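Each of the next two complexes has subunit A plus one other chain: subunit B in the first, subunit C in the second.
Coming up: the complex of A and B.
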């Protein structure tokens, strides 16, 4: 009897082990193909045109890095395929008819909408993705000023052989420059539904490399430290043609405008997401020369909001730490006798930049992308009161006071630079004293 | 009488804490955020206070009959027939609760992790483990709970901590949610979310005295209330009341947004592990108490022959809801809002009856 019990117990354990492989949901890693980017454009013969970029599991996609076979859509270790369908998820099924593996969105890193599409409203295409089990909250949201399909075609990895890694690192650049927001799908979806503010997405374009003027050299080229550039218009050649520069502003699910790369930096500062970035300034003492600083937020911005006679008054205070990276004139702005004025000038610059950016979002777009609403909400007792007031609709009436304090912390490897000596340099040395 | 074994404070504390807190992994946060909005986090504390008051009444009842467990008290106070009827009501409702808990587990698991596995293939292995645990008995279940207590709560804390970058506590405003009156009203109704504390009175004879009963009861309720409240704060801070009120499993979603560089992400598998363990322990405990109650009614001294038919019945209960809407809008509402009619109302009525009729155990030693 005891032996029988042991045999039954052993057989039961063996039977239970059968369940361990999870037979119904078991999928081998190479039974699926993982879409890395999903592009959504307006369709011609059906509602939408969806472009998928998926990894090929081959070192260079069979077409060589950066190159590829135009017809099969091979692009730098990936395949780019476009399909027209009635819905985004149906497009996956249609795509499966042509791909010998199940297309999975489990590792999708980027969802990109064409601007034309975004201006009509993206809500109906975000909604199914927010329900779908395969979609990750960490997928990035991008709006492209041309066709999403074209952007994905140019989404090549010229450095390194891992297209997935390349995509993730591309969005990490937001931290290094502040030129675009690193907006993830989860946050975008939350922002679509929130009563506290409005969503944004990274703004992208394709550069045709024709922006770099190849004309004659200018003897005295103009010094333009702060030029607003649209994505796709950066004067450059070489590298990949895709670029992300600035952000798209949404009112609900419709794109209503854009912020330039410089305005994006101020926006990121305002929401406390600015990590670091270089800023170039004309040296007031020698206008033909510049100085460069690297700015970082010292801490998250302090925001307060109150209502005065029905008008929201918002206070935004920022502390910015800067490192001096370069002073072409070699003047000693980092020294105690100069530093106060130097910091004050920079504080004024950041203050004005922030004010202008906030002003633009208020007057041009009436879209609270700064989410000041989360502080304004503190002035209401209940959700009904907040809903009745409708902060999003009242954003443009708000008075926003900005105050920035700048602290020049370090000056790189050099403190108190020695002037460059030449037969003409004596004047410069005297000036610095 | 079924031999249930004896265990200490930590074992009892662990099982009760797991049973109370398991709900946080499912649709409970969604429901309370939908009702109370930004006030959900303290709405649940109001429920917890309600549960503490109920537990105090329960303690007064148990104190009057220190040598008896709740089922014995039912019989002593109301007489054999009514007492047994009340115990039978407990048995049937607990079985229903076990079945619906499994259904909820299966539904959420299918949505998040195993979309193509038939529900029966999830429920069946689950029930086999539950049956095995019930076979071992109460002491086995409780000691298993004690082992996994640290893992369950450790993982829960880990998820909450790792998701810190996603939090913005400004989203807890406006502080009164949909209004204080609604918060208090819903908070009181949802006292039922903590009414599992009544199980402690059923297993009291396995505890080491009335003082341990009191200590475990209050501490687990406080821990449960705080855990619920902190989890709701985190869900609200990460997803706001709008999206927090539509996520099937707010805690699972929270684990999905954890991201520290490219190398540290997708850690929701930890959550899945904790989720399954705590669900199995909870259902096994409820299943066992149901078995125990039934055995009491019919004076069955060995519960083991009943395991197979009860497993079959639980399996049947698990298939009552046709769809997720029925689970959420009918069955879970019954369990989390109206179960108080059975778990709270009956013991309180029994206490009142005992007071009115002056029923009291003659020999009061202070020990169970």
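Coming up: the complex of A and C.
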């Protein structure tokens, strides 16, 4: 009995001791608001203007479709509010006063800079974020060609009432199209510091829905399979106004230029992160018609680099698998005797595209966003030598050879299409044979 | 002055010493506990057996000595051997040679004028020799007494033969199946208490007891707490003899041994120790005997009480003895090399030694195909985890580790919690309390109403609590899953332990988050590692690492289970030959 008493006393003391250090940093879920996106613009009266978007805890009301109330900044189940402050984290504290709850960055999904701000350099403002305990590495980095504040105001979900899901799925689309990179904060920060290459960020804009020309209908609309479009200029209407299209190229922490959505696809192929996407080509044999293929990387690209007389020579080999999606002319390109020529055409196209894109990053921006530096570094014996050489500065001198091999894997549900028959079609059938 | 200084110094030193002694290692004063030692080869089996029988004999002798000297305290049911009789001194316990004093002794023992239970019927044989029978009304079968004790006696009286012959053949006259000659009053009293009838004829120095036990008992019914779908539907009842016969019907083996022990000074409850000789490790049997013999208590009514008296560590929160009410389960454990202890009047058999895994097995496992049995076993392990930790994890996640919750879920939880005025901890404790109330009340509420009350109570309470914004709906899910998981644990005692453990983890999680839960878990595992069940480490297989019997967590096909569990150190390790399905190797056309 004595022993039991002692044990109980000891345990009680232990539990009480636990109570002293514990509990104090326990915060209930609803005592915080979770910023989903953070926008950074240049300030007017102070250094920066930070826009927060955080979810509300209303019972399905308020949010939804409405678009909300201008003054309170309600946007589809979230609230957008902007504050001007000297630093990003100070802005959070200022926000606390307004929101009446602690603003937490634990679940921030998107960090968006205005282009104006990015061109001046983001390093100063990124640093505290990478140091701060709450920011997670999976936050996406976006540069907006307008104001970040405007982009976040348009960041609403029209399909469901769940803003965080909408945000996550928006970036998932990078996998389905390849039109923009899915760049996360952790990688972006590492890329800022690495001697091997330069960072990129997704490039976004706000569409005012005025790009669809309402003029006279053309007798024969021109066929433009490859048009470079800026974000915000996509000819469309309906849906949300925000768009992510293309990427922003950085030299260090300063934005130096952009790549269009088509160039972004070649960039993603070059770094091996292109998942899938449709490509449209003009049929060589019938220039009014097109064919569409879906391309996928068969494997990660193989990159090798060597130094010849102080000039880095880089070889980039790509292996692309394609599925035939549509052949408007119904010609039998998928048949064995035709397939080789077909694949060769495509290979040439991808090679040229890649070359052009690499050329642009070399000549225009001198920014190794492909991270060829990783392979080039293998040619130096010590890190000191590599540092002395300064690969990032020498990128534009490098000679990059690209070779692409294309394999058609699937022809879809149709093999050897029969031409469409009409009263006039007999001639066509004979021609095919 | 100097002396004072010295004294001070001495005092300081002694204080210092006592402080040091608080933190230095000292050997514990607890006597060494029983540990089942490793028996290496099957060749050691015979040796073990001979040792066992030798020690058994020694035990017996000691027992007899004890019974002669301390027989006032404890009654032996074995008749004394003639040699023992000679050596024993004549004491007050011995049966007198004249009928009047013997009758008086019995009357005294049973407080006769007041107590109405004992019936003493006197008669005289051939008008010369007086005699009487004594039995307890209600415990003995009167038909047996009339037809097979009294009638033969009176028939004999008609026969007019010499009294000497009669005396010699008294046992031959009585027609009951079992008779004993008892020279002690205490043992006779015990026999009478069991429901047997004592017969005394003037001039003898012993009582003859005849088996006439015949009281009403519950019949064999389906088990109440261990119901299964596939498999036998018999459960133990309150009658010890019936229970043992139920086991014997499954294990038809001459080596199945049943020993009896009497426990309880006031209640004199019979406890049976059942084991399969040659399969069980003799050391375990000896340890069980030792513990049962050395229990001094006055009252024992259920196996649950005995369990508390013989378990290794009374402070442990998990049970180290498996109780089951299924004869088939008991039998399968006996064949694996364990010992079963059955208390008269209690429909549960206690099985020792067990490891934690045995507590997690359900009797249905044996009857199911191994794939099914394994998958439901995994469910049960998940259930134990959920029942003990789910509320703690929820509280740790929501108050300390909000970054680990997917954003959508986080916002959903926050939305649900927005109007709830309590912190999560209070919410959880409220709901747990409600749930425990419903469970406890459901037990008391009579009959059919009980079940409905459980369901309706939970539904209404939960629904009302949510709509009154007292708890958040997600919490109802958590508590419901926890409660369900608790019911999925197959052992009633273990389920109780897990219920208590839950609150321990809730406290740890609420104080220090995942860090606290991990600390609590470490402490808990330390406790588990420390536990022993009759000399076998409670979590053997895991620690210490022993060879599995292929029926521990994953239940392998039955033909793969070639060995008994390693930790039982059975002298007969192998259960079946390497190839059990020998037909599979034969050509089916050969007959």
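To be clear about the criterion, the second predicted complex is superposed on the first by the 407 of 433 C-alpha atoms of A that agree within 3 Å, B and C clash if a C-alpha of one lies under 4 Å from a C-alpha of the other, contacts with A are read in each partner's own complex, and residues count from 1 in each chain.
Simple rule for what comes next: a residue touches a chain if its C-beta (ideal position, glycine included) is under 8 Å from a C-beta of that chain, and two chains touch if they have at least 3 such contacts.
What you are looking at is a predicted structure, and each value in this text was computed from that prediction instead of being measured.
*Asks:* Scan A:57 for contacts with subunit B and subunit C and give back first, second, both or neither.
*Replies:* A:57: touches subunit C, not subunit B.
*Asks:* Under the stated touch criterion, which partner chain does A:36 make contact with: subunit B (first), subunit C (second), both, or neither?
*Replies:* It touches subunit C, and subunit B stays clear.
*Asks:* Quick one: is A:136 in contact with subunit B, with subunit C, with both, or with neither? Answer first, second, both or neither.
*Replies:* both
*Asks:* Considering only touches as defined above, state whether A:162 meets subunit B (first), subunit C (second), both or neither.
*Replies:* The answer is second: A:162 touches subunit C but not subunit B.
*Asks:* If we overlay the two complexes on their shared chain A, which of subunit B and subunit C does A:374 touch? Say first, second, both or neither.
*Replies:* first
*Asks:* Would you check which partner chain A:186 touches, where first means subunit B only, second means subunit C only, and both and neither mean what they say?
*Replies:* Only subunit B is touched by A:186; subunit C is not.
*Asks:* Could you look at A:104 and tell me whether it touches subunit B, subunit C, both or neither (first, second, both, neither)?
*Replies:* second
*Asks:* Regarding the shared-chain residue A:208, is it in contact with subunit B (first), subunit C (second), both, or neither?
*Replies:* Neither partner.
*Asks:* Which partner does A:25 contact after superposing on A: first (subunit B), second (subunit C), both, neither?
*Replies:* In the superposed model, A:25 contacts both subunit B and subunit C.
*Asks:* Once the two structures are superposed, pull the subunit A residues common to the subunit B and subunit C interfaces.
*Replies:* 19, 22-23, 25, 136, 165, 168
*Asks:* Quick one: which bits of subunit C touch subunit A in the complex? Just the residue numbers, please.
*Replies:* 315, 398-400, 402-403, 407-408, 410-411, 413-415, 417-418, 423-424, 507-508, 510-513, 516
*Asks:* Considering only the defined contacts, which subunit B positions touch subunit A in the complex?
*Replies:* Touching subunit A: residues 37-38, 111-118, 121, 125, 128, 168, 170-171, 173-179, 239-243, 253, 256-257, 259, 262, 265-266 of subunit B.
*Asks:* Residues of subunit A touching subunit B in their complex?
*Replies:* 16, 19, 22-25, 133, 136-138, 165, 168-169, 186, 189-190, 193-196, 374-375, 377-378, 380-386
*Asks:* Which residues of subunit A touch subunit C once you look at their complex with the stated criterion?
*Replies:* 4, 7, 15, 18-19, 21-23, 25-30, 32, 34, 36, 55, 57-59, 104, 106-107, 109, 134, 136, 162, 164-165, 168
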